[in-house]
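Going by the order they are written in, the chains are A, B, C and D; count residues from 1 in each one.
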Amino acid sequence: MTTSDSPVRVLVWGENRHEQIEEKVRAIYPDGMHTTIAEGIVENLGQRAQVTTTTLDEPEHGLTEEVLDATDVLVWWGHAAHDEVADEVVERVHRHVLAGMGLLVLHSGHWSKIFGKLMGTSCTLRWRSEHDQELVWTVNPQHPITDGVPNPIVIPEQEMYGEYFDIPTPDELIFISGFTGGEVFRSGMTFRRGFGKIFYFSPGDQDFPVYFHPDIRRVISNATTWARPRRERATPTLLRYELGEYFDGQDYRGPIEEPASV
Amino acid sequence: MTTSDSPVRVLVWGENRHEQIEEKVRAIYPDGMHTTIAEGIVENLGQRAQVTTTTLDEPEHGLTEEVLDATDVLVWWGHAAHDEVADEVVERVHRHVLAGMGLLVLHSGHWSKIFGKLMGTSCTLRWRSEHDQELVWTVNPQHPITDGVPNPIVIPEQEMYGEYFDIPTPDELIFISGFTGGEVFRSGMTFRRGFGKIFYFSPGDQDFPVYFHPDIRRVISNATTWARPRRERATPTLLRYELGEYFDGQDYRGPIEEPASV
Amino acid sequence: MTTSDSPVRVLVWGENRHEQIEEKVRAIYPDGMHTTIAEGIVENLGQRAQVTTTTLDEPEHGLTEEVLDATDVLVWWGHAAHDEVADEVVERVHRHVLAGMGLLVLHSGHWSKIFGKLMGTSCTLRWRSEHDQELVWTVNPQHPITDGVPNPIVIPEQEMYGEYFDIPTPDELIFISGFTGGEVFRSGMTFRRGFGKIFYFSPGDQDFPVYFHPDIRRVISNATTWARPRRERATPTLLRYELGEYFDGQDYRGPIEEPASV
Amino acid sequence: MTTSDSPVRVLVWGENRHEQIEEKVRAIYPDGMHTTIAEGIVENLGQRAQVTTTTLDEPEHGLTEEVLDATDVLVWWGHAAHDEVADEVVERVHRHVLAGMGLLVLHSGHWSKIFGKLMGTSCTLRWRSEHDQELVWTVNPQHPITDGVPNPIVIPEQEMYGEYFDIPTPDELIFISGFTGGEVFRSGMTFRRGFGKIFYFSPGDQDFPVYFHPDIRRVISNATTWARPRRERATPTLLRYELGEYFDGQDYRGPIEEPASV
């Protein structure tokens, strides 16, 4: 953990496949979407954040134990290659989130292995990629993630994501989006899992320059500050406490008492 | 209370002013909006409900102690004359809700005295009455209020209600509406207050025949069943319990102990 | 699905290991804990339920596709042998819950594979098995799961489960328990996942005759009625909808559009 | 509003009656409970807070429009004289909370007019003042209000407050207390109302030196930081927006359109 006075250490993870395969995506995001997302955080937080990026094609997808240990908040963008993310890495990220690492899941990351594992549901939804306008409405104006954000945020062209979005009830519903076609979507939500804080934010797509939008960049930046851990990373653990003893727990030794050895 | 096998006793309260003053409203609802709403409940619940109506212009607005005692669920439609509802009657309805009576607040009832008193907020919102299409999306498909309802419900013409809707976070968010203009609205929500269950449902307006819409009628009918009390009406009370005594509480005798009299 | 007028089809799954290994458990539950739990449901629901049992040692743990298809609500008790439950069966149960099957997870089931998969967290807690008294307090008296239950339920002797319980925020917090040692525990909670409804209820242990307690039996019975599906079982699915089309979705064909073949 | 870098302006309001009437209370809190509460905030926040106090007996209870305008977070302690708080002042405080002022309601303030008005319920509970031990357990360890607080907080002697506490479901349940008698209480909870943030915290009583307890002082201090407004104070307002117009709303002109004058 870093203290709240030190810069938040943000790692933007990008799948980085559309940018290599599709020219139209490369035209929008010539340095990769992860780079654009990272630049948006730097633009807003400046010295208050230390932002790095990594991608799927790095060894261990760039998400080694050491890297995660040094990450306060992980930002996740994936789409075409969810299945290529190794289960072992997903387990590792999951463990770090439960121990306190913040996680931002963006847009098509709703169908990533890590999000599904944290939610416990299918995370399916309704969609259409046809130049809908998206309006992102604030329904929780007291929340720090909405600081400095207009109501609504206007995104001229976007992929439509619509309900029913199969997720658990969020801890906080912050944004609801409306689309040209009349569809609605819970587009900004927080979830607590273990000691970690998670923010799902749906605006953002490979086919539209959404990650250059100043309000979208502001939301993502606010969310990294919000999601940073407030305690030392610690694994939730099953512990036994004697009667009248509240602070000194004993490790679990199994479901059935062993007879004393002879 | 009636048991869950007996018909739910529903009272539809209508302000009944637009119908008298505006010919266009009278053309849509010749027998009054309250009558149409009541007919929709009978259509769906048949023998499972006993539905009556009353209006603002009745003595005590038709909401005497005796009437409320015999009501399982009160359905509230008001708009032009919120201020004419006597504070004393509002207090009475409030007391019955806390004691267990169900309450459905429809559409412009968001600005009624009784809803404001139960919510504690301004209950303001954004609006426009200009023939928007409203789509009512289900975000809680497991909820009994959504039984038999398509996703979305399509309402061809409706007044727009949009966010930010200044209400407390609901217990359950069940419907979100999207409008032609791109606005969104949390249009179906439940709230618990005291021992009473409350459902706010925004579709429905004096200028459009929304209370003839079969899906809207179905939602209102489902909600009356959901909101009916499950226990004898009882007033939440402050009680003192001795150590080790859990069921026999003593009434409150004031904040400062009296010295024993001499 | 069965209709709400037909008996709810309940399957009680028991690990059935303590009863075989430990004489003191066998003395309390001579027919197995699953049998006692099942009898409590029959006692309360009578003809309104069709209750069967199965155990870990059955082929496929008694949880074949056919069995689950014919189950409205699955009740889960496990403790010593969580690891012996085959991953394939866990996947199957998970799929059925997302498709609408109700699930009751009892006591030490908090650490079962299926509960962990649905929650996404470690589900760890603090504990002590030392004859604490447990008082189960109702904090949601409007909820059908509390019908006919005193406040508090008094359990003379119980294992202590205490906070911090590492679970997602529940949809509804219904019971909170207090123990002799001063510990507290969120002991009755609901969660929605996919189209399924889940109730976690902590009272009940192999070392104490808690499943003979009439109030505990009543809660479990109420919960089976509450958790039964209200719709035909259906798998949440990702679907594409054209502009203006709300009901006829198209299956997903992959993340990147294929060029037309030559 | 002050910015998040400037000191939070906290006003501690004390009823200050027990201290004058009861010698045992004066012995514990010789300078008044409000002074002790204020000192605890200064102890923790130092330069990060500007803390002042006022009491019931001041003109307008010390809560004029000017004073509230200059207050970021109001801390409320009352008990014996809830009824003496003028309705006009309650309206004023309510208006400021909806406009964004933070509010901390302590202990017996659960029955104050302002808390009841914001909650919409009776705010009744079960109680006993008999030297119970209170353990305050954290159930939301990610929340900033829990920073630096042990789990549990141990209070050697306290009044017992128990469930059922008749309040709306909180936005966030942060602490649950357990008492010697086995009672439990949702003792730390947040609520959003209008643009304001509210924290209710039950530990603290006139008969015990709870406001000298370092952990209790820490919680109250954390909560003032959490509750401070993040936006300029603004009154939630009903506004009409034309189709395609999202930022320039028109004031409400009444429920029925006037015919054009001749």
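By our rule, a residue touches a chain if its C-beta (ideal position, glycine included) is under 8 Å from a C-beta of that chain, and two chains touch if they have at least 3 such contacts.
Predicted model, so just to flag it, every value in this text is computed and none were measured.
Novice: Can you check which chain pair, B-D or B-C, has more C-beta pairs in contact?
Specialist: B-D
Novice: In terms of CA centroid distance, which chain is the most far removed from subunit D?
Specialist: Computed centres place C farthest from subunit D.
Novice: Using the average of all C-alpha atoms in each chain as its centre, how far is it in Å between subunit A and subunit B?
Specialist: Centre separation, subunit A to subunit B: 38 Å.
Novice: Just curious, how far off is subunit D from subunit B if you go by their C-alpha centres, in Å?
Specialist: Distance between chain centres: 29 Å.
Novice: Distance from the CA centroid of subunit B to that of subunit C, rounded to the nearest Å?
Specialist: Distance between chain centres: 32 Å.
Novice: Got the subunit B residues that touch at least 2 other chains?
Specialist: Within subunit B, the residues that touch at least two other chains are 135, 141, 152, 162, 164, 169, 171, 180, 182-183, 192, 246.
Novice: Give the list of subunit C residues in touch with subunit B in this complex.
Specialist: 135, 140-142, 144, 147, 150, 152, 154, 171-172, 192, 195-197, 230-231, 246-247
Novice: Of all residues in subunit D, which touch subunit C in the complex?
Specialist: 133, 135, 137-139, 141, 151-152, 162-165, 169, 173, 176-180, 182-184, 186
Novice: Under the stated contact criterion, what part of subunit A meets subunit C in this complex?
Specialist: That would be residues 18, 21-22, 79-80, 98, 108, 111, 117-122, 124-128, 130, 132, 162, 164, 166, 168-169, 171, 180-183, 191-194, 235-244, 246, 249, 255-256 of subunit A.
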